[in-house]
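Quick one: this structure, given as structure tokens, is what I'll be asking you about.
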Amino acid sequence: MNTEKDINIPKMLETLRKTRPIIHHITNYVTVNDCANVTLAIGAAPVMAHAKEEVAEMTSISSALVLNIGTLDPAQIESMLISGKTANEKNIPVILDPCGAGATTLRTESAKKLIKDLKITIIKGNASEIATLADIDAETHGVESGAINTTPEHAARILAEKTGATIIITGKEDIITDKTTTITIRGGSPMTGKITGGGCMAASITASFASIEKDPLIAGTAALTCFNVAQQLAEKKSTGPMDYRKNLIDELYNLTPEKIKDHQNYEKTRYS
Amino acid sequence: MNTEKDINIPKMLETLRKTRPIIHHITNYVTVNDCANVTLAIGAAPVMAHAKEEVAEMTSISSALVLNIGTLDPAQIESMLISGKTANEKNIPVILDPCGAGATTLRTESAKKLIKDLKITIIKGNASEIATLADIDAETHGVESGAINTTPEHAARILAEKTGATIIITGKEDIITDKTTTITIRGGSPMTGKITGGGCMAASITASFASIEKDPLIAGTAALTCFNVAQQLAEKKSTGPMDYRKNLIDELYNLTPEKIKDHQNYEKTRYS
Amino acid sequence: MNTEKDINIPKMLETLRKTRPIIHHITNYVTVNDCANVTLAIGAAPVMAHAKEEVAEMTSISSALVLNIGTLDPAQIESMLISGKTANEKNIPVILDPCGAGATTLRTESAKKLIKDLKITIIKGNASEIATLADIDAETHGVESGAINTTPEHAARILAEKTGATIIITGKEDIITDKTTTITIRGGSPMTGKITGGGCMAASITASFASIEKDPLIAGTAALTCFNVAQQLAEKKSTGPMDYRKNLIDELYNLTPEKIKDHQNYEKTRYS
């Protein structure tokens, strides 16, 4: 990534919609329907499969893999490792959502095992999940973010350095960072915190862009920009959280280059 | 089935709503909520149960059984076989949705095993799923239909001959066929392809009608007609895919004899 | 509980929204998304976790536990027992939704085992589920209520005496009873029976209030009153069941002291 001009989000969205890449999800049963619909809305083709007997084959016909531990169990983690290894062999990007890391030992240890055994392209979490994985003190509130013992950006950079992955922290401001550059993405809506699945949707959209753009920093910036623009547009017309969820996914479906240009709002910091 | 006059869809819908038959689903966790709500909307009573310890008992108190392999695993297939055998013994219609057949070996082989070991009443899929099961070359795109090496109608007839089941292919036009007759049902909306679960909903509605009508060709025609009419009505008032899903299920709930008569659109071909 | 003045529902709702207690659910995959969103809408923080390796830890950071057997299997029941024991040790209230008890042996026996092995705070079911657990003859219609061989109130009181739990029966009128007092809560909407998940939502809301109010009779009355008020408000503006579900959860989110006072409608009977 050289200059901001390189991030032509409308063009990436056009490519995504023309290509309709398959996005394989191994994810939780709480928000899986939202993940499927948001993946369709942004222009990709979701597929969900968890059986260890088929996940390698399903991943191998896919263009990105989402691993979300929101309702994990050991059998599911085993399937994630099988899929992840297939994805790594075939250079298919892997997006990890360490949902609830820090809340229980199983979640923290499973997320760490996935990071250790696989080459993860992007880790997307809230501040306390990312801090937990970076071994920084953090409180969690179930699957919601709590206080952390540093700034979100610092936690993200520590984890990026540790793992080689690009790190996304969603929150009031979204942060995306690799070892050398951090992009801060503004916009969005506090209503996203009033529904379940906002973070899971962000992972599905990120995976969709990562499937057609090799630079994770650019893919993530495009994904979060689109998601934030849709959030802003949805908030304006919504009367409650369920109305907002409906409008949010529909605004993603109805995104145009003009809407993106009117609302996109990010800035870049580069480290030497 | 003798003449088109035999298919009195409004009367069948009335019977369905009076009877409130229980429809047992063993299905995927992605669209299961939509399946439950669509079953209620058309007038039946959904029940979801997958544990091998209870599926036979649950099937035996039901009036139709839906088997959908959208997020299969070997334990689920085992339960499907148990339920299917109970259904066969008790002459309860079995509707199979071979979701993703062709995408992975597990899906193709599991669907074929269900067809081999059970007497399936209706198999409902997209063109490439049906072609795969008919051993015709087909491409799949995850759980979406791809190109097939013949016409959908031909694939459906081959599979009907092979299995004795009535075959439904949903798509731009819906096709329903047994060995001697094919009915083509027009209408519907391209918006159904923009949400997850359209095909699954079609299976639930088909099972609901099959529970009160012995001829699968008539039951399927009624189901797909109702679903297509609701799609057309929903499309007109919808601003995006999630708004469309809401309106689609609500239009099914609000279906009247008049709306059905205004929109129903099918034609029959009989083979000698 | 002394007088009706003791039940200050707006104040309890305020406390709930300030505290944002974590509500751990081990529940079915059909309505789990609705349960999560309704828990958020009323002001609490849902978490779903089922793996036996983590449920005790997740329960121990939670303020209430919901056990819903809507899509049970033996492994899930095992996790429920682990979580329930942790909850009992830590005085965390346990809300049981014996979804489908009476429909199959597995459901009836599993619900009875949970009641026998755990100290359940509140059992919430429909009339035939509660009657089944009270060993009163009852018909079930899948997971819907059927005829029972007594009044709902009598069935609830029998089960309360048997188990020591507070019993809620939802229906046209909601009943909540312990050994000495019964409260009847009116309002609500018949539209709740047209969607899947109405009962599950009632359990999540009840658990949310039980997490901040020690008296189960008061917590349940507050929960059902809020739910009934939201139902009445939602019904007025809804054009079908899916529109109603959206409006129902949004009305819970938008509940105010004024709306509660305008609509709350319950009466108390005390037994000597």
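Per-chain numbering from 1; labels A, B and C assigned in written order.
FYI, contacts are C-beta pairs under 8 Å (C-beta built on N, C-alpha and C of every residue); 3 or more make two chains touch, one makes a residue touch a chain.
Being a predicted model, the structure only gives us computed values, none of them experimental.
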| item | value |
| --- | --- |
| Same or different residue numbers at the chain B/chain C copy interface, by half rule | different |
| Turn needed to bring chain A onto chain C - CA fit, degrees, nearest 5 | 120 |
| Rounded Å distance between chain B and chain C, as computed from the means of their C-alpha atoms | 34 |
| Contacts with two or more other chains, residues of chain B listed in rising order | 29, 33, 245-246 |
| Touch list for chain C against partner chain B, complex | 28-31, 33-34, 70-74, 100, 103-107, 141-144, 194-197, 239-243, 245-246 |
| Chain C-touching residues of chain B, taken from the complex the two chains share | 20, 22, 24, 29, 32-33, 36-37, 40-41, 45-51, 53-54, 57-58, 61-62, 245-247, 249-251, 253-254 |
